[in-house]
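The structures come next, written out as structure tokens.
The following pair of complexes shares a single chain, subunit A, combined with subunit B in the former and subunit C in the latter.
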Partner chain A sequence: MNKLFSRIYLTILIILLYLPIFYLILFAFNKGNNMGVFQGFTLSHFQELFADKRLISIVINTFLIAILSSLFATIIGLGGALLIDSLKSKKAVNTYLSLNNILMVSPDVIIGSSFLILFTVLGFSLGFMSVLLSHIAFSIPIVVLMIIPRLKEMNRTMIDAAQDLGATNFQVFSKVTLPYLMPSILSGFFMAFTYSLDDFAVTFFVTGNGFETLSVEVYSRARQGVSLEINALSALIFIFSLIMIVIYYLLSVRSKKMIKNGKGRVV
Partner chain B sequence: MRKRLFYVPYFLWIVLFVVIPLILIFMQSLTFDNGKSIFSNYQAFFSSGVYLKMTFNSFLFAFLITFFSLIISYPAAYFIANSKYDTFLILLIILPTWINLLLKAYAFIGIFSHDGSINYFLGLLGIAPQQLLFTNFSFIFVATYIEIPFMILPIYNSIKALDKTYIQASEDLGANKIQTFTKVVFPLTMNGVKTGIQTVFIPALSLFMLTRLIGGNRVITLGTAIEEHFLTTMNWSMGSTVGVILVFIMIAIILFTSKTKKNKVGVKNHE
Partner chain C sequence: MSLLQLKNVTQVFDDEVVLKDIDIDIEKGKFYSILGPSGSGKTTMLRIISGFSKPTSGQVIFEGKDISNFPANKRNMNTVFQNYSLFPHLNVYENVAFGLALKKVDEKTISKKVAKVLQLVQLEHFEGRMIDELSGGQQQRVAIARAIVNEPEILLLDEPLSALDMKLRKNMQYELRQLQQELGITFIFVTHDQEEALAMSDEIIVMNDGIVQQSGSPVDIYDEPVNHFVANFIGESNIVDGQMLDDYQVKFVGKEFECADAGIPQNERVEVVIRPEDLDITTKDNGKLIVNVDSQSFRGDHFEIMAHDEDDNNWLIHSTNPAKESMGIGLFFEPEDIHVMRLNESEEDFDARLESYEE
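Let's turn to the complex of A and B:
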């Protein structure tokens, strides 16, 4: 009885969680022009999508920002993880970790508005660079958090052994530390990448007029109501997300980080 | 020496993108005008009925969203934790969080809109189209939908971390299922509930995209107020004031829901 109830409860919940997503994708193939009734199968919305040059350039911009920002965030975050790891006093570690986590717990509006003030004070013009810098900035903390646990688990005798065998500091880093940290660095890179792709709020604040990412574009179109071109785009993004999830799952099978953290919000 | 060089960008990031923005938003919220109090924006905020009402509404919405997601999520987390296939089920629950939030919001525009699916079905039943989108109901519904996975996850983790011998002990001592749940399981999983509340309540206070797309212009939260001050009315100084107040509310929530280290079972046993 109890088991039956729990099964029904979970089944209904999971169906409800997925229903809107599949609904969205189904209507990407709808002949009609709204999301009311399904009037027959067509691929015309996908054709429209691929013919939309503006949208394609926005997609390219979005990926360019995501790749560049996650690359820089991973390098800077790796430095940060090593910095925090090198600290001797517990108090200093905690101070750095708290500072690191501020951007993780801050609401997006706060990050967006304070970065907007920052760029204005610095006299920075809003556009590609301001978006890129913001994305690097809000992705760094997650990279640090992904690498630190792995650094903590590291067996320090490996470094001693390398040094005893005559390795220089740089060799120790590139031949011992870096390969050992690689899985966590990849997870960090991946998280930074999805952070960047998913971000709407911060980009919305710092993007100015000329430059748009996919999220900002979907938002401004969605404010005007339903257009099935967005559905077609969603279907593609959905497939892309699935691929990303599989990649991330393969990366984290051993550590099971995804189960612990879910998507991003580490509080 | 070279190692130190590698630390520099991270240090610069902390200064430039963590510390300075916080200082800037605070400075922006202050008034440096002769004859006016330095805190005049804050005085305006706390003496204006409009701002106070908005803050109150924002809290009410966030409270309702957190409440509904909690009552739906706790049983779900409990059932999942007790299932044989828990790893798979929890994966199913967190998968939707990897889909862009905007797309999920957009799906609900389709479902709730005037010529959307719900109104189509109502039409089949002979009911005239209802205004579903841009209502308080639709905003709370969609926000709850989006937050549920974030609530289930920490509760699930805390139930999994629960020492099963406590439950056996409670049953051995003659407690029935309900007593075991209310006196042992629930108090011991309080940390997960608190983390869940924290992860849901703060975004619920500050979301502005969802508010605009689903709530229309009727639902105004602290988040939408900040966005409007910064990007529409260009009143950055008042926007920063609301921002600083939001930061303080956030700190208060984090302190209020921070994990308690003491084991509460010891206390409860004396009852």
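Let's turn to the complex of A and C:
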């Protein structure tokens, strides 16, 4: 009985969460020009989409910003997490973590406008670089937050053990600390990646003429009524995310298998 | 020639003296235990030997060379850590191969050596296992394999058995001892468990308050403890105050007894140790001491009897048979069963005194 209930509950929940997305995707194939009534099947919106050079280049920009910003944020955030962790005083650790968390919870609008002010004061031209820098900046706290718990539960004598076995400080880092932290580094990277893809508010403030990301573009188009081209794009992005998640899953299964059969990885 | 020496090693942490002027000598191929209660400085001593701590003053000499300033990764020793400290992101094979891989040993040799030590610790078929799939005893073995595969001159073991259950611990004691004899390398084993130290060691170094209280073979330390602390910490003891009347004559609980100790000034106040298993129960007439039994408990291989004499000194007796009466039983012991300790005698003076009359 209990099992049946939880099944029904979870099924309804999932349907409710996915319904709007499927609705959106369904109308990507609509013959009509709006989301009112489904008038029949067509692929014309996809043709439109692929012909829209401007939109395609915006998609590429968006992914470029996401990959670059999450990559830099992961490297910088990892360094930050390691430094915070190496602090001796508990008070200092808490201060840094609180400052980190304030950035996490403060609204995007505030962060976006403060970046705008900063770039204007510095005379920095608004465009690709300003968007990239601000995406890196707001991703760093996320990465730090993902890595810190794993660092906290790390058994410190592992480092002693590695040194005892002859490892130099660099080897301790590259062969013990880094591989040990890798799962949290990866999830930090993916979190930063999705935050960057998602972001509208910060980008809206700091982008200038001639450079736009997907969310900003969709927003500006939506003001004139959403064309079904956007639906087609959403459908493609949804399928892309699905493929990414399957790949991520296969990778994590494979890395477990690799550990089981691993012989040469430390060499 | 000794393999490893600590010379006048002192360690001070934040104004607290953890080790005071330690001098020890470690010979090749022996099994040493550093035994002491927690806070006695034994782990600090191990960290100084392994190179994780630098002594405040004093020297660490290895094969005649001062290695006090060598970091841990430059010393020809390996450690088995208390909580094993295995690498959870590597499997058993990779954990064991870690040290050899760092030394750039070729893969073929590594795989041969790893297979050999895994066989030695009876984990032949566990190469591909993850660390969290192993039991505590198996993790312990991996930790030992990971250390000995590097063929160190000295293997340091920091309370490696304390996390195991009683039965497994006993087994591992035998296995460790056997392993040490097979490999012929020097083991330095840190423990607070006196039984463990007595069972496994060639030499025991008893530590307390940052000072080496006594070092010697298990039998020497058990039979001839240098002071109250050692007598109490190792095994169980009856310790009473006494007075040395003359060589081989000691007075305690108001009576004079013949004993086997000498070289102590006449009429000096001393402490007298009699081990509970050296006290035999006999009739009132044959007893050197008359006691009343307070309680008896059965311990499987012996009875533990608590008794007190007419001066209210407590006596602990280990006997294969229970006491039949509780009032007025006799206790008998030989002169050799009495061990006399001078108050505040240093280990050096103690050894010198023993040598002066023991032929």
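Here, the second predicted complex is superposed on the first by the 225 of 267 C-alpha atoms of A that agree within 3 Å, B and C clash if a C-alpha of one lies under 4 Å from a C-alpha of the other, contacts with A are read in each partner's own complex, and residues count from 1 in each chain.
Just so we're on the same page, a contact is a pair of C-beta atoms (placed from the backbone, for glycine too) under 8 Å apart; a residue touches a chain by one contact, two chains touch by 3 or more.
These numbers come from a predicted model, not from an experiment.
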Contacts of A:Phe238 with subunit B and subunit C, given as first, second, both or neither: first
First (subunit B), second (subunit C), both or neither touched by A:Leu4: neither
Touched partner set for A:Asp160, first subunit B, second subunit C, both or neither: second
Which of subunit B and subunit C A:Ala137 touches, first, second, both or neither: first
Partner chain(s) touched by A:Tyr180 [first = subunit B, second = subunit C, both, neither]: second
Partner chain(s) touched by A:Ala51 [first = subunit B, second = subunit C, both, neither]: neither
In the superposition, subunit B vs subunit C on subunit A residues touched: B
Which of subunit B and subunit C A:Gln171 touches, first, second, both or neither: second
Touching both subunit B and subunit C, residues of subunit A: 259-260, 262-265, 267
For the subunit C and subunit A complex, residues of the former touching the latter: 50, 52, 71-73, 77-79, 81-83, 85-91, 93-94, 97-99, 101-103, 107, 110-111, 127-130, 146-147, 150
Residue ranges of subunit A touching subunit B (in the complex, touch as defined): 6, 9-10, 13-14, 16-18, 20-21, 23-24, 27, 34-37, 75-80, 82-83, 86, 96, 99-100, 102-103, 105-118, 121, 137, 140, 144, 169-170, 173, 194, 197-198, 200-201, 204-205, 215, 218-219, 222-223, 225-226, 230-231, 234, 237-238, 241, 244-245, 258-260, 262-265, 267
Footprint of subunit A on subunit B - complex, ascending: 2-3, 6-11, 13-14, 16-22, 24-25, 28, 72, 75-76, 79-80, 82-83, 87, 89-111, 113, 115-117, 119-120, 145, 148-150, 153, 157, 195, 198-199, 202-203, 205-206, 208-209, 212-213, 223, 226-227, 230-231, 236, 239-240, 243, 246-247, 250, 254
Subunit C-facing residues of subunit A, complex: 155, 157-158, 160-168, 171, 175-176, 179-180, 182, 259-267
